[in-house]
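Think of it as A, B, C and D in the order they're written, each chain with its own count starting at 1.
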Amino acid sequence: MSGFDKVVTSYAEAMKGLSDNMTIIAGGFGLCGIPEGLINQIKSMGTTGLTVVSNNCGVDGFGLGVLLEDKQIRKMISSYVGENALFEKQLLANELEVELTPQGTLAEKMRAGGAGIPGFYTATGYGTPVGEGKDVKHFDGRPYILEPSITGDFAIVKAYKADRFGNCIYRHTARNFNPMAATAGKITVVEVEEIVEPGELDPAHIHTPGIYVDRIIKGTFEKRIERKVLAKEER
Amino acid sequence: MSGFDKVVTSYAEAMKGLSDNMTIIAGGFGLCGIPEGLINQIKSMGTTGLTVVSNNCGVDGFGLGVLLEDKQIRKMISSYVGENALFEKQLLANELEVELTPQGTLAEKMRAGGAGIPGFYTATGYGTPVGEGKDVKHFDGRPYILEPSITGDFAIVKAYKADRFGNCIYRHTARNFNPMAATAGKITVVEVEEIVEPGELDPAHIHTPGIYVDRIIKGTFEKRIERKVLAKEER
Amino acid sequence: MALSRDQIAMRVAQEFKDGDYVNLGIGIPTLAANFVPEGIEVMLQSENGLLGMGRYPTEDEVDADMINAGKETVTAINGASIFDSAESFAMIRGGHVDFTVLGAFEVDVNGNIASWMIPGKLVKGMGGAMDLVAGAKNIIVTMTHADKHGNSKLLPACKLPLTGVNCITRIITDLAVLEVKDGAFHLQERAPGVSVEEIKEKTAGKLVVPDNVSEMSV
Amino acid sequence: MALSRDQIAMRVAQEFKDGDYVNLGIGIPTLAANFVPEGIEVMLQSENGLLGMGRYPTEDEVDADMINAGKETVTAINGASIFDSAESFAMIRGGHVDFTVLGAFEVDVNGNIASWMIPGKLVKGMGGAMDLVAGAKNIIVTMTHADKHGNSKLLPACKLPLTGVNCITRIITDLAVLEVKDGAFHLQERAPGVSVEEIKEKTAGKLVVPDNVSEMSV
């Protein structure tokens, strides 16, 4: 099934077509489950004016944080940012725009975007700054706000294993936002630890079916740990 | 973790609390992946006035079809019905109400109900009888209709294996509507082929996390096949 | 001469591109899987929750837990994935399925389709048809050009309750291949031996006929 | 005397019922896991996508792919499940998590909570807090009764931008346990040795005090 072989062998090929002012949806939570090599490729391409949709923006010098160094990001859509000094600096200098979005709303916006649902109602954020200016509707007497979905020109995703058809599985909590991100890109690129042949992954336990995936590249990962905490007896 | 042991040993206990005029959300597609024993228990309880949300209504004498025999169902919310003569008869005699709902909308309504999303927009059904009387909103110039979510007093679900905590996996395409149904019941009851101990199922490959499940019962299943079609050389 | 069911399916299969994800409705659409051209690979999606649907099973392979959207026993190919119905329709409604082929009672010049309900007859339901026509990127309708009484199914405006609006762009009938755009049916190909006059006669909606109408190769 | 952080956590843990699914915020709420009473079992949900969060890992168990919502390395118990963030918040927003415990800057007599943003200071974001307060069945806010300047955090109306409205029904501070209903704080318990007068003094919002206010047992 050569038409379904999505493996590419260079990062240049993986991110081909990315251009200035595009929107990128990125999987990952903090530094866990992030497509390290794809992010570095974006850095080396020097693409600017990017809108990046991701729960966080990495740290100084690692993860999405590296895209701040040459001011490639124009806008972040995130639930929690500012773990890095450079982020704070650019934000305060108005060189960077941030749209803060509740974590669950962000996850659901990505899922909805991928699923052809242009908007959904949620109680989250009603009566807060997040709800300002948004449509309000009552269901069973309770107020909800309308949240539009999100899609991107590219989605960049980190998976554990993928077969050549693009079927992916994730490892432990490195799953996080990755499956939703994978559905929401016009072009979805997945960086994986291991590529296997179709049939090697159990069809009943695929996390991201290949239909969502356009390109797969095998990466190597540093997997930096943000907060290493040990059991008491080990401290 | 005795507080999380959800196994019950009798069907009476499994469906305890069901009463007349309740709404039941049932997993299954046709006769595939249906909670056979739970349906039979409802029949033996004789509960009436039920609203049943299920993609189909079984066949004469099997699956949800048995609940028609004593006119226990007042209303079906389904995408495709009438594979049984009794259903047609009761429908034509106005003894049964049917709310036809597109299959994808039905699946999404169950998911939304379980996920605390009271309504979502979809293009499905716009401009058709399904869209009549529903709110219309344009996103990017395209019209969408607002679909409210569905929840039930009970959800009845068929899984392959479950551990005592209620973590479930489904087998092949018997998954279908079951995972969404499981999230949308005030009380969710799962009938399974095999009960295992916590830790036996891979945490990364649980289809329905135990948090959605209230009761588990081990059943035996006939698994009737609706349309057995064989490869040509076998015919 | 009007195409046979197999010939319609054969012509449909010529539309497929290598690497397409395809959802085939019940009837003629399903037959298209038998005629995928040499060198082209498509992957079949079944809306109950299967991507990579394979052939029908042998007696030994029959499994009640493995069925397709038509409730028939099936198998899965190597590299298939199985998922729940919400995920399945997320694929469909999100535009990830490249091609949907389905039957219809009527299509009109505005791309509206009626395929699920005939008032006065028992209504069994729309199943996934409304989701499919609202979601797929490309939809092909296959049907006979006229009903058995000779009444056209290509209309100025659908008379039956609709399945979807402004969604059909391509129709393959036993007589012709037509594009639907700008409020008209645009004739593109005719069945071998079928005259443009016969197609005109059996098309009730506005028909645009180019100077040259090539014959289908089936 | 005002409760220590551990004592507040201990009092919080007394609220748990056997079989509760619980989400604990960062700080004092997390400590509550250490004080779950004998005979009671709770299961911890971490909103990045883990149900059945276990203890912190040993050096050998540390795995960059296994973290909690505070981005700390963790382990999973036997019978845990791991899922994506949309599923995780479906659990939270759908009301399947029985208990949420979280900190706050301010709570007011209408159950409004402010916990994520102080104008003029750098805003890092709300993370999952807005989802949690809008979704969980029972929410307990833990905080000191007053800030370090002695200003009450239990107000007639929150002054800071809100995290959620009409959602807080129970508060456990270093001085008291209070219920929020009918536009007032209802004093239920006081910390050992803390007088009702001190609580009155440090509660800016309307406070309802019953005839007898028992001491917490911590």
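Please note the rule applied: a residue touches a chain if its C-beta (ideal position, glycine included) is under 8 Å from a C-beta of that chain, and two chains touch if they have at least 3 such contacts.
In this text the structure is predicted, and so the values were computed from the model without any measurement.
Undergrad: Could you tell me which chains are in contact with subunit B and with subunit D alike?
TA: A
Undergrad: Any chance you could check whether A-D or A-C wins on number of contacting C-beta pairs?
TA: Greater number of contacting C-beta pairs: A-D.
Undergrad: CA centre of subunit C versus CA centre of subunit D: separation in Å?
TA: Computed from C-alpha means, the inter-chain centre distance equals 55 Å.
Undergrad: Centre to centre, by mean C-alpha position, how many angstrom separate subunit B and subunit C?
TA: Centre-to-centre distance between subunit B and subunit C: 29 Å.
Undergrad: Could you please state the distance in Å, as a whole number, between where the Cα atoms of subunit A are centred and where those of subunit C are centred?
TA: Between these chains, centre-to-centre, one finds 35 Å.
Undergrad: Please set out, as single numbers or ranges, the residues of subunit A touching at least two other chains.
TA: Residues 108, 111, 115-117, 122-123, 170-172, 175, 204 of subunit A touch two or more partner chains.
Undergrad: Find every residue in subunit D that makes contact with two or more other chains and list them.
TA: Residues 76, 82-83, 89, 92-93, 134-135.
Undergrad: Output every touching chain pair, sorted by label.
TA: Chains touch in the following pairs: A-B, A-C, A-D, B-C, B-D.
Undergrad: In their complex, what parts of subunit A are in touch with subunit B?
TA: Per the touch definition, subunit A meets subunit B at residues 108, 112, 115-123, 137, 139-140, 142, 144, 148, 169-172, 175, 202, 204-205.
Undergrad: Name, in rising order, each residue of subunit B that touches subunit C in their complex.
TA: 29-33, 55, 78-83, 88, 91-92, 100, 102-108, 110-111, 122-130, 160, 170-180, 207, 223-234
Undergrad: Help me check something: in the complex, which residues belonging to subunit B touch subunit D?
TA: Interface residues on subunit B, with respect to subunit D: 1-4, 111, 113-117, 163-165, 167, 183, 198-199, 203-204, 206, 209-212.
Undergrad: Taking the complex as given, what residues does subunit D use to touch subunit B?
TA: Result: residues 17-21, 40-43, 45, 51-52, 76-83, 87, 89-97, 134-135 of subunit D touch subunit B.
Undergrad: Quick check: in the complex, which residue numbers of subunit D touch subunit A?
TA: Contacts found on subunit D: 46-50, 55-59, 62-68, 70-74, 76, 82-86, 88-89, 92-93, 112, 117, 122-131, 134-135, 161-166.
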